[in-house]
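What follows is a set of structures for review.
Each of the next two complexes has chain A plus one other chain: chain B in the first, chain C in the second.
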Partner chain A sequence: MFSGTPYLRVSYAETNRILPEPYQRVLVAAIAVAAIVLPAFGNAYLIYLLNLTFLAIIGSIGLNLLTGYCGQVSLGHASFLAIGAFVTAILANRYGAPVWQALPAACLVGAAVGFVVGLPALRFRGIYLAITTLAMHYAIIFILTTYQANFGSSATAGISVPAPALGPYEINGGRAWYYALLLISSGVVLFSLNLSRGYIGRAWVAIRDRDIAAASVGIPVARFKLLAFVCSATLAALAGGLGAYFMGVVTVEAYTLELAIIYLAMIIVGGMGSTAGAVLGAIFMTLLPFGIERAFEALPHAWRLGTTSYGLQEAATGVAIILFLLFEPKGLIEIYRRIAEYFERWPFRYRELQPAERR
Partner chain B sequence: MELLVSILVLGATHALLAAGIVIVYKASRIVNFAHGELAIVGAYVFYSAGLITHGQSLLLTVLATAAISALFGVAIYVALMRRLVGQPTFVAAMVTIGLAIILKAAIVVFWQSKSVGINLTRQTLYSFPSGGRLTSVDVITIGCCIVFFAALFAFFRHTRLGRQFRGAAENPLLASQRQVNVNLILALAWATAVFSATLAGVLFGSRSMLSPQSTIIGLSGLTAALVGGLDSLRGAVIGGMLVAAATYLTARLIDPALSEAVPFAILLTVMIWRPWGIYGTPEELNRV
Partner chain C sequence: MSARGAVLRIDNVTLQFGGIAAIKSVAFEAQPSELLALVGPNGAGKTAMLNCISGIYRPTSGDILLDGKSIIGQPLHRMVRLGIGRAFQHAELFPHLTVTENLLIGRHTKFRRGLWASGLYIGSTRRDEMNERRHVEGIIDFFEIYRHRDAPVGSLPYGVQKIVGVARALATGPKLLLLDEPCTGLIREERENLARFLLRIRHEFAATIIWVEHDMQMVSDLADRVVVLNHGIKIVDGLPDDVRRSAAVIEAYLGHTAAGAVADRR
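Showing the complex of A and B:
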């Protein structure tokens, strides 16, 4: 089959491929191989960090579907994660449900909550919607706090979750978790990519760019906005449920508004409306605090002041959000695009006036 | 009587917070999510300024804090908000969220998140024959609120700059073509907002201890602003009082633990029933 340059696509199938360029396929294959063999070399700490990253990737892709593609700003993502974690923990702890029942149940409840939280999106746009989701966040967290206070021996103990088991195999230890999470997050990435290049994803992008125009070309705006909330909440609940199993204990204190903001920071830093961007952002924002901690340990002892390191880790999220919004509003993925474009066009430097929309 | 005083005092703080949010929103359509953080950091600055002057001169402390907060407001506008002109309002709101995180971390870095209280005056109790009681801090709180709002209303109604401010809020492009310095107006809006936030924070800190967790008062301020209408100063006063009354009555009559949930319960109710608030204009919903 005739294969065009990035600027000459000759068929619809070619326009719509996930990895249109040969070098991209090589790159992804290399990343896949590296990811599979990495546990053989990395130490336990690195694998733990990567496991956290995989969980963040699932969550950030969920938020990206809603905020990146569909343009509905949500400050309620942490509450979706909390719902997933609590449903999983309650089912596993109280009713002894196995993982293949607890996780789908968590996703279903997450979807239902997402539907309810999404209802105000039919009335509001932009900031008003963000404020509504903020209120929803506090409402959900308040309910869960009350539940947790009445659950166990003490109000802050949380709910413990047994290690998940599939038949005779129990997922325990960093390496087993690594492969399980690698598999699941790859599946989620593929799901998001397929969703975004199909009818649903393009309908979301149309709604994001101008909802009235989207309605005028026959897209049922209300239905697709709700669908975005449902998909986003389902993925968040999945991430929350997996996180509950991974951590072994669920406490409501972990699901603060700050967490929701960190997830927003991930998709801003990575690049809104791009699945690869959500992945990059999740990696960046998860590793950033640990990087700062490391940098601080390298400093001479006299410079290490009590709470300064902790404070700087906290501030890093805010700094990242502001710097990226001011100087690289399209995120890390835009840096990659610029580099890729430079080589694709080399030795020419002419740029399109309207760069083609690419994933 | 005592109930009324308590509500008035709480409402005064909420109204001040809401006023800051409303001023920024009116001038630039930006919802400031960092308002609670600005208030608490302002209160911490006041506390430190008090330490530097050894509590000798209250006037000096007040002046220093007022100058710092106003300058900080201008700095926020010049360094951050001015660069975001032409971007969707959501981007500016996200920047204020980032600012909120940085400010909260600043409390950790500079003040080690320690709990501090602010001593404005000697505690004096004024008793009324009807049985009500007022502390001196209550008097200062209500007094500051009245003076601030009176000054603000007078400024908007009677000064040239105030009229220009209203013009710029209505239509920045047209205002700038009529020789209104929109940059100055917006910087002024931020300075006033941060100043009023600091004032609210100091008043809050003189009645209860300050800690990084007290930044949650921003939510009460936002709720008050929304209840009154995001683009209405009059609404900020009414909204502040309503939110304070609801919070206080819930704590008093039903359950103190429930009172934390009241601001967002009101927020949800308002958003469902009348999203533009009491005095706000419905068209605002489509402008953001």
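Showing the complex of A and C:
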């Protein structure tokens, strides 16, 4: 992407790096070191929150491939997560499948469902496509609800999932999960960044911006739309399956339409069509409710609010998102870009020409 | 004219929208490395003809042959592999991407397939990326748009966007290049540059060009041959000077009485 950097590029390889500038490499290395040593200092609650964030990152990256890059609005993301969670839970609980079988199987089923849900995208666009994915969401949730009702002793008990084990090592406890999820979500981020800088990412963006022009330069639009649905659903199923192991229990009630909208909010707040934006959005949307809860606890006389407090907290979350989008419609990634641009030229300042000054 | 050797043969193509015929039984040919101008007043069916050739419309009847093989009914994206590149009247670029990225999208069919190789950035992915970038730099040099290389095309002046549109079509490596009014909206200097590029494309890339144009002066100066459409019918097909003197063409552009007046003055 264009950033107006004053740096010189001397080879094609340099123009195609994920992190073209030295300061970006330093920044990412610093974040990596901080992420690795953090469990030594953080308390269990913080690590739990970060684990939730990692799961959200995997899911939001999946949605960003489909909605951010390829421009296909999907309200079916929660149902893809549910598919992953249920396939994992059923295989692990009923058939005693180990994690290295259950998770790939969940991803495969997710890919297949994504393919089917993607078929209407060959005919519909925009809001019409969103409605067909909504219909798919309810169909999938209905099937899973029926399954859950007939599965256990009670309809709402859900399916318990044993802790995952790789050979003798059992992943249990916050810190083990932290490192496992850090590794997996980093891999997903890298995969998404590689796709976005290669021909597949460019083809998706071309389809999003002008589909007829995309076809006229030889991009098989139908195939790439389906590929986006399959990739997105696979990553969602991966996030769902990991979430099932992490929570230890799967209930269909967790996968509401609201969850699908929260995932959409993540990529919008982070900045559509940017992998880093999807990561920032996932962090923001996961931590914001907890932050607001803390803020309410800190209020004097908070106890007087009683149970209304929960409603107020949700309202405050909504207001925070609206305010954020009003003042920063291009998302969190735009804040980063502005800061980066400022320091690239520091100590000189660059001022955009105002329309009146253009001749 | 012989059918042998023709790159493109339009064989009695008719295109109807409901009861209205946009193109009525038009036939012509394009020879290898020929700069063939397609002219006519507004609504004559020029763009409709390009849309038929590039697969956006399917003709109601008739046939379109590329190197002797029918291309009717091929999906739009197959046309690039068959060797047809298309530049649109309004450029139709990908506005958020840079000039380089737009041209790399033009090279789409040259990349080897593979989700895993691309996602893991292994195998031929890196080599393809470097090779295509090098190729795209060659095209950027050819069209002299180096200074816009890393600018998002949405922010560029209209004239530059149209050049990038032609560059993207050329990046697909076509043997038949379809240009829809590439000069419209360009200032004089840009037109002169484009005229130079057209002649160079024909010589250096050995591409056949079908060029829809309104500027008759430019057409007479550059085109090898001219096909004139009016109300969906081909009225003349010939050398630029002959076409310019044709009574039917003058009538189509200026009307019946005016055509008589021009003839009188001669």
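The criterion applied here is as follows: the second predicted complex is superposed on the first by the 314 of 359 C-alpha atoms of A that agree within 3 Å, B and C clash if a C-alpha of one lies under 4 Å from a C-alpha of the other, contacts with A are read in each partner's own complex, and residues count from 1 in each chain.
One rule holds for everything that comes next: a residue touches a chain if its C-beta (ideal position, glycine included) is under 8 Å from a C-beta of that chain, and two chains touch if they have at least 3 such contacts.
Bear in mind the structure is a predicted one, so any value in this text is a computation, not a measurement.
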For A:127, select first, second, both or neither according to whether it touches chain B, chain C, the two together, or no partner. first
Is A:290 touching the first partner chain B, the second partner chain C, both, or neither of them? neither
Can A:48 be said to touch chain B (first), chain C (second), both, or neither? neither
So in the superposed three-chain picture, is A:227 touching just chain B, just chain C, both, or none of them (first/second/both/neither)? second
One more residue to check, A:336. First (chain B), second (chain C), both or neither? neither
May I ask you to decide whether A:195 touches chain B, chain C, both, or neither, giving the answer as first, second, both or neither? second
Contact residues on chain C for chain A in the complex? 54, 56, 75-81, 86, 88, 92-98, 100-101, 104-106, 108-109, 111, 115, 118-121, 125-126, 128-130, 133-134, 137, 150-152, 168-169, 171-172
In the complex of these two chains, what residues of chain B are touching chain A? 31, 80, 83-84, 87-91, 93-95, 97-102, 104-106, 108-109, 112-113, 219, 222, 226, 260-261, 264-265, 267-268, 271-272, 275, 285-286, 288
Could you please specify the touching residues of chain A with respect to chain B in the complex? 73, 120, 123-128, 130-132, 134-136, 138-139, 142, 258, 261, 264-265, 268, 306-308, 310-312, 314-315, 317-322, 325-326, 329
Considering only the defined contacts, which chain A positions touch chain C in the complex? 1-2, 12-13, 15-16, 191-192, 194-195, 197-200, 202-203, 205-206, 209-210, 212-221, 227, 231, 273
